[in-house]
Structure formats: C-alpha cells, structure tokens
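For clarity, chains are labelled A, B, C and D in written order, and residue numbers in each chain start from 1.
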Amino acid sequence: MALLEAEHLSIGYRTRKGLLRAVEDVSFSLEPGGSLGFVGESGCGKTTIGMALMGLLPANGSIFGGELRFKGQNLVGISDERLQKLRWKEIAMIFQAAMNALNPIQRVEDQIVEAIRHHEPEVSAAQAAERVSSLFSLVDLDPERSRDYPHQYSGGMKQRAIIAMALACRPDVIIADEPTTALDVIVQAQILAEIRRVQKEMDVAVLFISHDIAVVAEVCRHIAVMYAGQIVEQGTRKEVFETPAHPYTQALLDAYLTIEEENATLPRAMNGESPNLAAPPKGCRFYDRCPHADAQCRQEPPTWISLSPTHKVMCYGPRS
Amino acid sequence: MTMEIRRYILGRLFQITLIFFVILTVLFLLFRLAPGDPVSRMVDPNMTPEDAQRLIEQLGLDLPMWQQYLIYLENFLKGRFGISFHYGQPVSEIILNRLPNTILLFTSSILLAAFVGVFLGKIVSWKKGERIDTWVTIGALVCHTLFLPWLALIIIWVFAYWIGWFPLTGMISAEIWTDPSAGLLRKGLDIAHHMALPLITLFLIHFGSYLLVMRSSMLDTLREDYILTARAKGLDEATIRNRHAAPNAALPVITSVGLSLAFSINGGALTETVFTWPGLGRELVFAVSNNDYPLAQASFLLIAAVVLTANLVVDLLYAYLDPRIRY
Amino acid sequence: MTLCTKINRALLLIAVSVLWLCPPGWAETRQPLRIGLGEEPRTLNIWMASDANSNNILSQIYQPLYRHAPGETEMVPWLAAGPPEMAADGVTYQVRLRPARWSDGSAFTAADVAFTCRLIKEFKIPRHYSRWKFVDQIEAVDDRTVRFILKEPMAIFLTRSLTIPIVSEKEWREVAASARKQKKPLASLFNHTVKRPLGTGPFVLEKWHKGAYLHMKKNDLFFGQGLRIGGRLLGPFVEEILFKIYGTSDVAMLALKKGAIDMYWQGIQPGYIENLEQHPEIRIFSSERSALYYLGFNLRKPPFDDPALRRAAAMLVDKSFIIKRVLQGYGSRMDSIIPSGNEFWYNPNLTEYGEDLNREQRIRAAYRILKQAGYRWTQPPVDDSGKVQPAEGLRLPGGSLMESVTILTPPADYDPHRAISGLLIQQWLRQAGIPASSRPMAFGALLQQVKARHDFDAFILGYGRLSLDPDYLRIFFHSEFDRERGWNMSGYHNPEFDRIAEASEKTMDLEARRLRIYKMQEIIARDVPYLPIYLPREIEAVRTDRFTGWVQMLEGIGNIWSFCQLSPVN
Amino acid sequence: MKTGNEQRDAFAAPAGRREWLAGGWALFWENPIGKIGLILMACFALMAAASFVPPLLDPMYHPMHGVDPEISHATGPSAAHWLGTDFIGRDIFSQLLAGARIAFMVGLSAAFMSIFFGTLIGMISGYAGRFADTVLMRLADMVMVMPTLLVVLILSSLFGQLRIWTIVLLIALFRWPGVSRIIRSQTLTLKHRPFIEAARVAGASHLRIIFRHILPNVLPLAMLYMTFRVTSAIIIEAALAFLGFGDPGTVSWGMMLQWVWKTGHMFQAPYWLLPPGICISLLTLSFYMLGRAMEEVLDPRLRKEGESD
C-alpha cells in the first residue's frame, strides 16, 4: 500500500478576485523509501501541494476536492491534534528560505532537541543532545558547532542543520521544497548528494519540489511535471528525461543547457504568460504557449494518455 | 562577557559621559543668561537694597561668568551641587531624599506597563481580526492618548474622593509614621497605598504604547520563516507563541521602551506634581519657578542621568537578549 | 520567554495583594491637631526663613520680647516681664525679662537677648538689620534685664525692633564663630542646617519628614503655661501637632472635608466657600489683612510722569467691580496705601477716585481730567452730545501720539486675581483711548525688570504681610529709596513728602506721628504714584468637631494666640 | 503581495503615484481606525473654525476678556452658557472653541517645523555621510535623551512668560531627532538607487539631487511622522499651560485645566474640568489613529522602526 496517495486533489485560495484554483485534479503516489519530484515554473502549485501535505496552508487556502491519504489515513479535514502529532514525527519538511528558517535567538542544538523531546518526551536532554551530534556528523557538520547560534552558520551549514533537524525524529517522508535554490552551485551539489545518501541510509521517502528539472532528475526516480496547477506529465526519471511527451516538458528540457553539444542552439524563448487560475481556460491550460496547439486543444480539456505502465501524459497529440 | 560586549559597553559609557558633560555646560549657561535672580524674589519691604546686594555677593552671583563656571565644575566633580537658594540646604541632601521616590514610582510603573503591554500585545496579535483584537487595540490607543494631568485629576477625584479607598496625596500618612508602634510592614504598605494611584495613572498612559508596538512587532514576526518551521515541527500554538514568536517580537519593544524613556520622565514629573509625590520631577518644577539655580540644575542633571542610565540598561538588556549582537 | 511570563504573574499578584490589603481607614489612637500647609517650609534656619510656612513653624518655637495682641493697639509684653522703661534722654531703654527656660531645660537669660541682637548687627542679617542699625549698645545688666542705647530717638524701636525672635546663645555661638572665619560669613550662617531648633515657644519640633509632614510636640517648659497674658489664659492644651503638606488647595479642601486635617493654614480661594459651607462641621473665618494690592506707575518717563494721566487712570479703574467679580466679594476697596484694618494709622477721609460711578460716568470724568490737562483725540471717548463712544488716537499734551503702555502682572498660576485684574484694567484704560495692554510675566523676571532695571510703564504687585507700624509708607515713597533695588519703585520725588516722612520716623508722641502719617497718605492719594486697588480678606477654614478656640486677628487665625488657646472638644 | 521596495518604487514614477494614491485611499478608508481618526479630526477642525463666531455674537463670549455682566462665579451649563462659566464669569464653551484653534495651530505648526528640521537634517546626514553624519546623529541622540517638557519648562521660566510662538519653536527644536533618524535610513537606501546614480552621472549638483530626487521620495514618510509629532506637540503645550508656564495671552485647553486646578473648582465643576481634558485626549487620539492608518497604507515594513513619541 502506498505511503502517500493523492487522488483528484484540488487546492484553492480565497482571494478578493474569487477562488484561485492553485492545484486542479492532481493524483500521485509515493512508495515507502521512494522519491518523487515535482517540477514546474513558480506559481504552478507545487509548493501548495507540499504545504497541504503538512497542513500548513495559509488561512485563505483550503483543499476543496479529492483525497490525500497518508498510510491509508485521509489528511483532508484531519483534527489539529492529530496533525500536530503527525508533523515532523512522520512527515518532515525542508524549506526553501534556509536563511532564517531557524529561530535566530535560540541555539541550533536547542531547536533540534525541542523537536525530538516534543515528539518523544521520554528521551532525556542528554540523550537528545547525543542524538543531535550524531545527526550533525551524519550531515557532516562539526558537532562542536551545535551549541552556536544560527547567524554563526553559513548558508550551506544552515541547510545541513535543517536537514539534520528534519531527520531528528526519523520521519517516513521528507518534503524538500526547493532546498538548494538559495545556495551556490557547489554547495547545491553537496546538499543534493547529502539528500541522496541520507535517503538511501535512512530509507526515507522524499518528495522533492524544484523549478530546476536537472536538480529533480538527480535525486528522484519518479518525476511529475506541473503546469498551471495540473500535472501534465508523469513518469520515471529515464522516461521523462529521455522521451518527454508533453510540449511543456520538452521546453523545460530545451531550456536546460548541456555543455556536451558543441553547437547547442539557444532555446526558443516561450512567449505568452501562464493562465489566470481564478478563471482557468476551458481547454488545455498550456494552449496559448504550446507550439503545436490546435482547435481541439482549445475546446476540450485533454485526458490522460499512458505511454507505458509508469509514463503518462495529458495532451492530445503526444509528439515524442 | 566576550570582547565585543565589553567594547560595546565602554563605547556607550563614553558616549553617555560626553552627552552628560554637554548637558552640564548648556544648563549652566542657560541659568546664568536668564533674567531674574532668586534674591529679587524677596518682596519683604524690610529687605533694603544693601541687604539684597550683600545677599547676591554671598551667593556668588556677582562673580564673572567664567569664574562661576569653574567653581560650578569643581563643585560638580566633588559631588557638591552647591546650596539650594530656596531651602538653604545642600542640594545633594535634597536630591538624595527625593531621588529614591522618583526611581521607585518611575521604574515600577514602567516595568508594570511593559510587562502588561507585552503580555496583552502577544495575546491580542494571535487573535488578529477578532473582536478582542479591535477592542483591545482601540482601548490601548485611547489610554495612550489620554492627557496625563487631567487623567490624574480624574483618578484622584474618583478613587481618592468619591470612593475614598486611596489617600488623596503625598507619599506617607503622618499618623502612621509618627506612631511609634507602626512596624516596617505597616509603613511599607502605607507607601504602597499612597503609590497605588500615581502608579495606575502612569501605567494607563504607558502600557498602551508598549502594547501597540508589541502587537505590530508580533504581526511582523508571525510572517517569519522560523515560525513556519516551528509550526512544521508540530509544536502547539502556545509553545510557538511563547517560545518562538514572543521573544523575537519583544526585542523591538525593548528599544521602544528605551526611546520613550525621556517621554515618560515628563509624565513622571507631571504625575508627581499632581499627586504631590515628593520626587525629583516635582522638585524640579518648584525649583524652576523659584529660580533656585543649584537645585534646578542638579535635579535636571539627575533626571538626565536617570534617563541616560536607563537607556544604557535597555541597550544592555537588548544585547543580552539578542545573541546576534553579543557574538 | 517562560521567565518573562513567570515575572508577569508575580507582578500582577503583588499589585492585587497591595490593593486588597490596604484597609481604608487607619485606627485613630491619638488625637493630634492636624494642620495642612500649602507648601513645604523652606528651612528651619530662622535667619534664612523668608517664606510664610517656615515662619509659621518657627513662630511656635522662637519667641519675641513683645508682640501684638488681638484687639489691642499697644504691644503686649511676651518674653519681657513688662513695658520697656525709657530713660529721660529718649535713647536708653531697659527691659526686664520673664523667668523662662529653653526647651532643653537651660535657663533663658538676658545674655541670650544681647547675643541675638549683636548677631543681627554683626552679620547685618537681611530683613532685621534695618531695624537695629540705629541701636548703639546692647548690654545684659543682669540675668533678667537688658539695656539698649540708641544713636537717636526712634519711634519704631518698640514696634519694629523688639519684636524679633530671640535665639539661644548656646545654639548659635559656635555657628556664628565658625561663620565669622569664612569668606562669606552671612552665607555660611544661612546655610547652617538646623536639625532641632531650641526655643522658648509652646511647641517643640519632634521630626521633619521631608516632603511629607512635620511633627511637633507640646513644650512642657513653655514660660507662658498657665499665665494670663493680653487678657488670655495660655495653654497650650494640645499635645501634638501634625503639619501635612498639600500640593494643591483642591486636595487640601478634600482633606478638610474628609477630616484628614483640622485646619488649612493658607488663604483659600473664594470659589471653595460655597461648597465648604454645605458641611456643618466646617467653619469659615474671613479676617482683615494688613496688605496692599496696587497698580504702580513709572514716574521717571512719559506718559505716566504726568499726574493728570495717573488721576484719569485712577478714575477709570472700577475697584468695586474687581472686588465683586475677581474676589467674589471677599475683599474691600483700598483708597490709601495703609489698609483700613490698621484703624489707628488709616486715614479714612481721602479722595476716592470714581467711587460708586457707573462705566459712562467714569469715562466722562477721566475725559474731563485729560481734556483739562491738554490731551487730544482723533475720536474722543465722549462725543459732543455727551454719549460715550470708542476713543481713538490719544495725543499727549505735547502733541505726539501716545505709544502703547504695558501693565506687567504676575502669572495666573502665581496669583490669578492680579493677572485677571491686569486684563480688566487694560480694557478700562482702552475705553479712554489709553493704548494699554497687560502682560503677565514670571514673578522673578517681573521684579528684576521693575525693581532693578526700572524698565516698565505700570505694574500690579502687592505686599502680603505689611507690619502694623506704618513706617513702610516712608520706605515706599521717600526719594532716598529711588535707586537700583530700592523700594521706591515708581521713582516718586517730593521734597515736602520727604520732610514729613523723616520727621515721622523720629516722633515719639503717637498722636503727633499719626497726624504726619495722615498728611503723607493725603499727598500720595493726590499724586497717585501707586493706585491702591483692593484689600483681599484672608479666608481660612477649620473643622470644629475635634478642636475649638481659634483666635481671629488681623491676618487670620494662624497666630500664636490660637495655638496657645486651642483645646480638644471632648 | 508587493514587497516593501516595490511599493516604494511604485510611487517614485509620477504615473504610479496617482494610482498608488487612489489605492492607498481605499485601503485607508477601509481601516476603521483611520475612519474614526478622520471623523474626529474633522469635528475639531469644525470647532476651531467656529471659534471665531462667539466673540462676534456678543463681546461677552470673548474667551479671554468677555465677562458676563450678571454672573461672577463658576456656574453650571445654562441657556446663555452651554457649558457654564469659569470662575470670573467667562463662557467655557467659547474658551473650548478657542482652545481648539490654539491646539490645531500649535500642533500643526510645531509638527511641521519638527518635520522640516528632521527631514533636512536626516537627508543631509544620510546623503553627506561620514563626518556630518556622525556629528548630526550624536546631536540627535543628545536631544532625544532630553525630556522635552522639562527642558521647555526650564526655558520658559528662565526667559519670562513665553509667547505661544516661542513655545511652538521650542517644542519643534526638541522633537526632530526621531524623524531625522528614520529619514536618514530612508535616504541611505535611496542613495544607491539607480535613478539617483543616473542623476549624479548626468551632472546634477548635490543640492539638486537632495531636493529634486530624494525629497519627493522621503516626503510621504515625513507626512506620516508629522501626525505623531502633532500629538506630542499638543500634549507638551497643554502640559506646559497646565503647570502655569503657558502663554497667558492665549486661551488653550491646558490653560483652562490650570485655572480649574488652581482656582479650586476641580471637584465642584465637572462641567469645567471634563471638556478640556476630553478634547485634548480626543484630538491627540484622532491624530494618533490617523498616523497608524496612514502607516499601514504607506509601508508595512516601516513598522519595524517603530515610532516613538
């Protein structure tokens, strides 16, 4: 039975201009120890899914359709107490803005110990501290530095500390929402290697969210490409990377410059903007930016076409 | 105490002494340039012109300005503030008698206002938009803008006269303090009994501003990422509010308390005058209207010193609470 | 910040317990006499004490040889056994002393009297020295008699010199000795802090808690105990007195109504009377005062150097309006420098400017005086048909336009009556075209400008406690006193007045001196260097439920006779 | 949601300003605090305007000299005197109206002057930097530490009774540090903005840059702080008058309270004690509310600096 399953999940934000349908009819599943990557432009709803999982949607956001099951239990409409027990014990999260994700006036070790002892009250302070230093060495941070304050850490060290905190209660799933965006490329590579190693060693399922398809491809076995609140293509890393079916996925891959090809042509810039989610178009949402769009795409919303047991795409004329 | 904080304190101390010295000099010049002198106040027809002239010489008011300044500085450094023209007593004696009363009333009212302001600000910001939030905020706004002397008069009228639970004026009741059988506790309670009304007045005026600063600072802090992390850690609302949001939000309140100290000293002087609380503020108002140079100068210097030291304490408290400054 | 919440709760707990714990009224075990003071006394040093409250306290301790008694013009012997014996040469006086003791038990002797008088002469102590300048020798003949030898016969010797407070040699000998060695002897004498004054009076100071109260106890060694002086049996019959300080008269009135004090030793505003009268246990005394509140002119420069303008101004000022409106009826109009309460010296038949005239008549009278003196207007205050109209463009007899004149008054918080009177006089003078404007000023600055620099047109000032001896008439108007810081502030020079004034100082015979004083008052009323305006009455309030026996005198009930005769009701 | 900087740039360009103002007004009016503040201030402005009427009706109603022929003591509200008379028979209602005029005049002019000083010094020290900056800021620290009321008290008692305009100037001289500190930090951020660099490259003189480019951007902020300065100016003038050091020539609310207090009518004449106190408190409340509402419109980020009285 899948660790995490979403069926026709729809999430929206109540705004002055009406209900903003940030996520529309999304279905996916995550196996224990598995890794699923969500990739897409900013504003395509990938972070909203992550927040919905943790029950951290802002006041005006809510799940208005579909189901979200974690270990068979539906998370939609769950009580606060249940949710608080679930958070960090079973689902942990790494945020994008590592710069001040840690409380600036509390020692880093105390913040991690707080998480541990909140969920496992029987653990003594000494044992918790001991666990923190082993976690620090796991993410190759010098345990001596655990007593320091967040402002004494570099960006990369902060992100490693957050990863350590995420692992503190041995969760089943870690949601990583653009963990490396704020870091420079070298540190980015180290952090990604870190996440991969940790996932293997601790057998933790990872749900990776990023706008950079290469980063996602490096960490996740399964990839889901999202556009304007919908998953437009889903499949294994190899399938989506090598045989992209949806024009948007192809555009994303073209935008990803590889240094191998000698005469790499500059990618065609995509014109047009993403649709208005408060009043989404009837047909395919990628219509006005899709080079192969035709009348049919405008009229009827496309349906799922599966290219292989694990690879499916939402588009009329798949052009591999 | 690491090197940074020691250097920080030394820097601040140097700055304070510099400011204090400038205030000292400006004050001296101010008093000497002004028309009118204490001797001219004596209206008694028996005071012949020769008497007046002799008195001026005795009080040293006829010396050239710079000479008076040197004597003034020398006396100041030796802790001798000169003799009050009005009371004929050494000024230091009067100040020693009055300063503790001002500090007692001033610090207790500021502390009480700060704690209640922070406490209520924290609670109210958590319930933003609800009825309690609008009512408490408007209440704080109204309290903060009440005209202090007028509020003091109303409080005396209602609580001291009409209901009659509290004494009308002063700091101690003569009956108790002259009664040999009165013990320390009874005398202490008597002071507290007299201090209740001025304390409430100052508290009402000040807690409003601290509440408003705390509330807006909390609203800002709630948008910070580490609050999201705290919530993601599954902590309950109360822990998030008290252990993560409030301490960070309280820091700007401390600076606001520091900045408004000079303003609250004004309030202190007004309260003391209306409640006849024998503090330095009231003494300054009298000394100023009696042209009593030494007492007015010394009272103002002491009040400036109280404000400066309070500012230093506030800065140190801020440095202590915020590690980003300490290391 | 759990630490912070813990402190929070602790503080709230304390605040609540304080409020809950304080029982409203404390048990009344003893019955002290409780007196409210308007302001904290300045000092216990008798030589420095120039404010009313210090003198109120010290007058219970230090006693004079002679003093005034209610209802008698002659001075009553107090520390002295009988009237002073004057020798034929008119300059030698001998005073016999009553048997008395200082409050520490040591004997009161003639040496103390001699010491005190020599102290005043040697240090030239302000306010007292001018009354002892003309005394040549002071000797203690024996323990109970003192001889004084004057340079020349002086009428004011009995009434002014022998009423100084006598201090004990024991208390002041070392202080005077060390003061003599200082660079500034008088200042060090002034700055000597007296902790417990040694006196011969009815009460002794027990404790002065600065900023709060003074506690006095009965002096068992008081010489007057059980004696009958000035026709009155003296006590004191009160064991203890508590003097409490009240910053504002409002709060003092509340204390009186609630019984926290038995008497408020300060004149109260007429505004309180109506409310106080509703309380049966409160009695209000309204007493005559020996005071003078007046409008002074500057005779040294135009326009007020012209007596006609001064008389016209005197005509315009509606004194009864001020008394009815500003003093709410608690006061009487003044037409002479000497207050009517001083019956013996007061000249009742002086010219009263504008007495019971209405507004129009007053303006017409002023118009006539100014027209005769040669003043012109572009638009006169009275038109040809005799109807009053707004006046404009007043021109001096010399032809030049009169510039605006300012009337300086103390600020409203110092004395609301004088500030308001200034405004009213400004309006009245403008009705006759005199461009006057009243400007309140800080009291110290006002005196500096008027008394020291003589830089003013007109001012409103007053003297609260004028001595019963009319010698101040000479000090105010004798040309000798028209100099910097001198009391002849208006710069009045009249040789005829000077001659009479010098003579009056030396006439020993009362009736002869009285005629001269009458003549001096007439001259001043004619030339109007000062225009006396009003004499406020001293309004005091007491509770009658605990103590009775207040003695009413000139200047009110706060006098030694009251404190010696006051007794508990039960 | 626009971040702070974008919002600031929005009103930098002229076209954006009209749109920003319209948007700002909507946001302001929606906020209940802003609405109450504006209504209260309008009432007091009406009172101040109406204060010229009573003396014209009948000289008896002149706040300072107008004395009722029949009444010569404090009486309760009556047909002739809506709020009763003071201790010598002057009409309290006309005094209240005159007090409104004085309060507005003192509040606005003192606030304007302190903002003028504050902005000037703030811009200069922010723009000039180095020596001028340290000197001016140390001066600001020194002035900020002084209790304004007590200082003005000392000055007013020393130099004789101050006229109302000297009091206004003195208040302004001691209320500018708060503003100059905020304006300085604002100027520092603006100094490195591209359009300032462009102006400097184009050869604009320092003065032109300060007044032509920095000032317009700093002005909305200065206006915001003006409202807070108005409140402290009114309070200080009233407190001064209450202690008896106000300008005796003018009838201000503080002066009325001083008369009530000093002439012994505090506990007998509520009709005389309550109105001035209520007016001072409500007027300061209205300006305070106005300030807070404007603050939310102008720039939520500013709240971090906090405003001190």
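Here is the rule we go by: a residue touches a chain if its C-beta (ideal position, glycine included) is under 8 Å from a C-beta of that chain, and two chains touch if they have at least 3 such contacts.
Just so it is clear, the structure is predicted and the values come from calculations on it, not from any experiment.
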**Report entry** Chain nearest the overall C-alpha centroid of the shown protein atoms
**Finding:** B
Report summary line: Between A-B and B-D, more contacting C-beta pairs sit at B-D
Query raised in the report: Where centres are the averaged C-alpha coordinates, which chain has the largest centre distance to subunit B?
Result: A
Query - For subunit A paired with subunit B, centre-to-centre distance based on mean C-alpha positions, whole Å - result: 55
Query - Distance from the mean Cα position of subunit D to that of subunit B, given in whole angstrom - result: 23
**Report entry** Interchain centroid distance [CA atoms averaged], subunit C/subunit D, Å
**Finding:** 44
Report summary line: subunit A to subunit C, mean C-alpha position gap in Å, rounds to 91
Report task. Identify all positions of subunit C at which a residue touches two or more other chains, and write them in rising order. Result -> 248, 254, 414, 442, 445
Query raised in the report: Of all the residues in subunit B, which ones touch at least 2 other chains?
Result: 34-36, 161, 243, 247, 273, 289, 291
Report task. Go through the chains and record each pair that touches. Result -> A-B, B-C, B-D, C-D
Query raised in the report: Which of the residues in subunit D come into contact with subunit B in the complex?
Result: 32-33, 36, 138, 141-142, 144-150, 153-155, 157-160, 178, 231-232, 235-236, 238-239, 242-244, 257, 261, 266-267, 273, 276-277, 280-281, 284-285, 288-289, 292, 300, 303-304, 306, 308-309
Query raised in the report: Across the complex, what residues on subunit B touch subunit A?
Result: 224-226, 228-236, 239, 243-244, 247-248, 321-324, 327
Requested in this report: Please give the residue numbers of subunit B that touch subunit D in the complex, ascending.
Outcome: 15, 18-19, 22-23, 27, 30-31, 33-36, 134, 137-138, 141-142, 144-151, 153-154, 157, 161, 209, 212-213, 216-217, 220, 252, 255-256, 259-260, 262-263, 265-266, 269-270, 273, 281, 284-285, 288-289, 291, 296, 300, 303-304, 307-308, 311
Query - Residue ranges of subunit B touching subunit C (in the complex, touch as defined) - result: 34-38, 40-55, 57-60, 83, 86-90, 93-94, 97-98, 101, 111-112, 115-116, 118-119, 156, 160-161, 164-166, 168-179, 189, 192-193, 196, 242-243, 246-247, 250, 273-276, 278, 282, 289-291
Query - subunit C contact footprint on subunit D (complex, rising order) - result: 64-65, 67, 72-74, 87-89, 156-157, 159-161, 243-245, 248-249, 255, 258-259, 261-268
